[in-house]
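These are the structures in question, set out in turn.
Shared between the two complexes below is chain A, which pairs with chain B and chain C, respectively.
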Partner chain A sequence: MFEFVSYLMAGLSLGSTYVLIALGFTLIFGVMGIMNVAHADVFMLAIFTYLFISTTLGLPVGWALLIAVVAGALAGLVVYWAVLKRIDKSHPVALFVSTLGVSYVVENFIAKRINFQRPSLQPIFESDPIILGGVVFTGPRLLLFAVTIVIAGGLIIWLKKSKTGLLLRAVSENPLMARVVAIDTNRVVMIAIAIASFIAACGGLVVGNATLTADAFIANSLSLKMFAVAVVAGIGSVGGATIVGLSLGIIESFTVAYAGSQWQNVIGLVAMAVVLMVRPQGLFGRVLRVG
Partner chain B sequence: MFGFYVDDIFVVALTYGLVTLGLYVTLASGQFSVAHASLMGLGGYMGGWATTQWNLPFPIAIILGGLAGGLGGLLIAFILQRTSGILLGTVTIAIGQSLSLVAQNTEFLGASQGLTGIPLKSDLPTATILMALALTAVLLIQRTSFGMQVVAAGRDETVARSLGVSILGIRLYGFGFGGFLAGLGGVLLAHHNGVIDPSNLSYAFEPLFFIFLVLGGYSSAWGGVLGAIGITWIMEVLRFNGGTFLFLDQQDRPWLLGLVLVVVLIISPDGAIRRKSIKTSMATSAKVG
Partner chain C sequence: MSNQEALSLNDLNVAYGVIKAVQGVNLSVAEGSITALIGSNGAGKSSTLKAVAGIEKAAPGSIKVYGEDISQLQMRQRVINHGVVLIPEGRSVFTTMTVEENLMLGLRVGDQRAAAGHAATFSMDEAYDLFPVLKDRRNGRAQMLSGGEQQMLAIARSLLMSPKVLLIDEPSMGLAPLLVRKIFGVMKDVFARSAVSVLLVEQDTSIALELASDAYLLTHGEVVAHSSSDEMRRDSRLREAYLGKGDALGKTAKQGQN
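Right, the complex of A and B next:
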């Protein structure tokens, strides 16, 4: 029983990582109709910005966190402004390959600056583990899970209730019609990207706080889960991504425990293949926007 | 032929050229794949296994490796027959990434060490012959009526289907033949480096082939091949001519190449060198008229 609960906890924190990265990906796809492979790199950029500000420049942790999150959100916007906006929309392949190229540039640039090392992190938030009925709940994992729930819940409510959220949903439903009724689609897209990148940056920091390493190529393994969660949930579905992300984490955790770690990374892929064969629009998706 | 060093670079260039040609075949059939590095790795593992474990002669290993890549491609095309466009590309990334992670965790494939001690059999004549055969095959297929069907399906699947073209057939050809070529490249790579490891399967490798293809231009079969050979040469010459340039050194090459890719895509989304196709020439005349 204790084992079961601790695997469940490990799965939830793993799943939280997937949710935090997939939410922004699915949001960007919803409003822009593009698969932004470079999105996972915001996650990594936030950790490295934090590391740079807090250790190299020696600023207090609070400032470093703030700057890292802002820098993450800005990074997303810069990629949009410098690349995505400028590529011919009638060439989806060019758009997709350009995001691939951006992630290649960012990763190799950062990796070169740190000489292809994996620097380790000091814990950002110190905390004592909580022991309840023999199961150890460590602070970073609880924080990761709490942040995920707050962000996912907040995002869903914001999309449903706020005026900007309504605009965002309108653009994602029908971008042409949204422009016809005088919605500034460019602004809406930029808001969506800023929010998506902000979420990924927060994710980077809380996950970094739990894993205590900074890896320039983390996006390579993370993006696999990002795609799997977004595709299985149905691309554009925020609530679905939350549920699927957490479930994937839990399933993976139990697989590692009972079947062996070599199967961990296969589950997402198999789930994705099955869903695409049986229900191409995803479990929670309606109609696919892009074929 | 030209001395060891030059031969060596040409072997690498032709190896990459084969994979890029495979990528071109798949893209030209209207499917988007980001799994060709993995199909290449699949071929490499198969070929390496054939020469080290089964002690088979090199030519048979080449064929087996090609078949492994082709089979992997067929599987992808079959499973993902209801998926197309960018979504297909995204899923193929995930497939490649999973293959790499599986190889990393599989003991008998050498885990993260990969297959080692592969005999160094790749030489310039073999690579040249393979490339010549592959390019001839691709260009010949393009001239048949099946080749025209592939072009039609690549341009517009719905219209092609309405004209009686079997889309599943085209898709199986695109991924199967493209994967076969990538697999051949993989065998050459494994027998050139003497080792094949999970990083060769991973999608970290993938942007490289897109760089070759985009800079060479993907409107004809020659583009990717020439791109691969040209850029491999430029990279090697930069390496040979010394350590640092301004503040850059050779480990800066990947991100610089990536930057070139992005800039070229912004300026000319069809690739740096464009061949006028029926579609583009009609589009221009329509604009004029």
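Right, the complex of A and C next:
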């Protein structure tokens, strides 16, 4: 029983990582209809920005966090302005490949700056573990899960209730009709990218706080999961990405525990293949939706 | 009725690559009137409408709304600054949203137009009064509405946008003949009450001519006839020449009575 609960907890924090990346990926796809592979690199950039600001520049933690999150959101917008905006949307392969290119350039640039090492991080938030019935709940994992729930829940409510959320849903469902009702599509896309990148940056920080390492190539493995989660959920579905992301984490955790770690990365891809065979539109449909 | 021109097209051309869909169309819509643009499939009716709305690029040619040329403006500016509002053909509502959310997207434009100094023509309550069925289902998804109700929602939404020139593309598409009559009846009432000027594209010639006061017949992207709707209806020679024998005119009139 103790084992079961601790695997579950490990799964939830792993799943939280996937959710925090997949939410933004699916949001960007929702409003732009493109797969931004470079999205996962915002996650990595936030950790390194934090590291640079807090250790190299020696600024207080609060400032470092704030700057890291803002820098993450800006990084997403820069990729949009420099690449996504300039490529014809009727060539999805060109967009896909160019975001892949951005990803390689950013990762290797950062890796070169730190001589291809993996610097370690000091815990950002100090916390004591909570012990309940013999199971140890570590602070960073609880924080990661709590941040995920707050962000996913907040995003869903914002999309459903706010005026800007309504505009995002309009552009996502039907870009031409959105123009008919005089929505400034460009502005809506930029809002979506800023929010998506903000979420990924928050993810980078809370995950970094749990793993205590900064890896320039973390996006390589994460982008595959981001892709699988978004596609299985039904790309564009925010609620779906949350449920599927957490489930994938839990499934992987139990796979590692009972079948061996060599199977961990297989599960997501097998699930993706099976779901796409049975429901090509994903489990929760295609349009940017709350459900 | 005033004789001021709400919309006038001068030498309008639309081309898709080398294919010329619209060639040198001259057309005008008098303020407060309904003008029909009829013709067979592929005659360039929708392309004309899309060029006025700003979806298609018109080059060369001028598009004037109350005397001001809007042909170089973005679609958004045409809507907000000049009240040029399109109701596209087919499924033209946001199906995953509620009825009320669809209307709010229209009202948002109406508010923006009001802020830019153009008085709002309809409020949400008035829209619901005109279409009680929408009020009953305001919190339901638009997806759950019938085709006719979706068309009413699209019309209500466009009215909330405070239109001056309303461009309606094939409102009868995919609807049963009886329902088409009903929708056109509603449109006639609503447009009579507001000062909006309408350019209507419709394949169902007979019903279009009933609603409109004026009609243009388009063939291969060119205007081949322009007269009052009554004259156009009487001119069987014209119909046979351009719409084919036993055209939609006779057929749908009969269907409508069933």
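Keep in mind that, in the parts below, the second predicted complex is superposed on the first by the 285 of 291 C-alpha atoms of A that agree within 3 Å, B and C clash if a C-alpha of one lies under 4 Å from a C-alpha of the other, contacts with A are read in each partner's own complex, and residues count from 1 in each chain.
The criterion applied here is as follows: a contact is a pair of C-beta atoms (placed from the backbone, for glycine too) under 8 Å apart; a residue touches a chain by one contact, two chains touch by 3 or more.
Treat the numbers as computed from the prediction; the structure is a model and nothing was measured.
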Inset, instruction - Mind working out whether A:57 is in touch with chain B, chain C, both or neither, as first, second, both or neither? - result: neither
Inset, instruction - Pick one for A:181: touches chain B only (first), chain C only (second), both, or neither. - result: second
Inset, instruction - Considering only touches as defined above, state whether A:146 meets chain B (first), chain C (second), both or neither. - result: neither
Inset, instruction - In the overlay, answer first, second, both or neither for which of chain B and chain C A:224 touches. - result: first
Legend entry - chain B versus chain C as contact partner of A:268, first or second or both or neither: first
Inset, instruction - State whether A:102 touches chain B only (first), chain C only (second), both chains, or neither. - result: first
Inset, instruction - Answer with first, second, both or neither: which of chain B and chain C does A:94 touch in the superposed model? - result: first
Inset, instruction - Go through chain A and flag every residue that touches chain B in one model and chain C in the other. - result: none
Legend entry - In the complex with chain A, residue positions of chain B that touch it: 27, 32, 34, 79-80, 82-87, 89-91, 93-95, 97-98, 101-102, 105-106, 202-204, 206-207, 210-211, 214, 251-252, 254-255, 257-259, 261-262, 265-266, 269-270
Legend entry - Contacting residues of chain C [partner chain A, same complex]: 53, 55, 75-76, 79-80, 85-86, 88, 92-97, 101, 104-106, 108-109, 112, 157, 161
Legend entry - Residue numbers on chain A that touch chain C, as the complex places them: 163, 166, 169-170, 173-174, 176-177, 179-184, 287, 289
Legend entry - Contacting residues of chain A [partner chain B, same complex]: 34-35, 37, 83, 86-88, 91-98, 100-102, 104-109, 112, 116, 217, 220-221, 223-224, 227-228, 231, 235, 261-262, 264-266, 268-269, 272-273, 276-277, 280, 288, 290-291
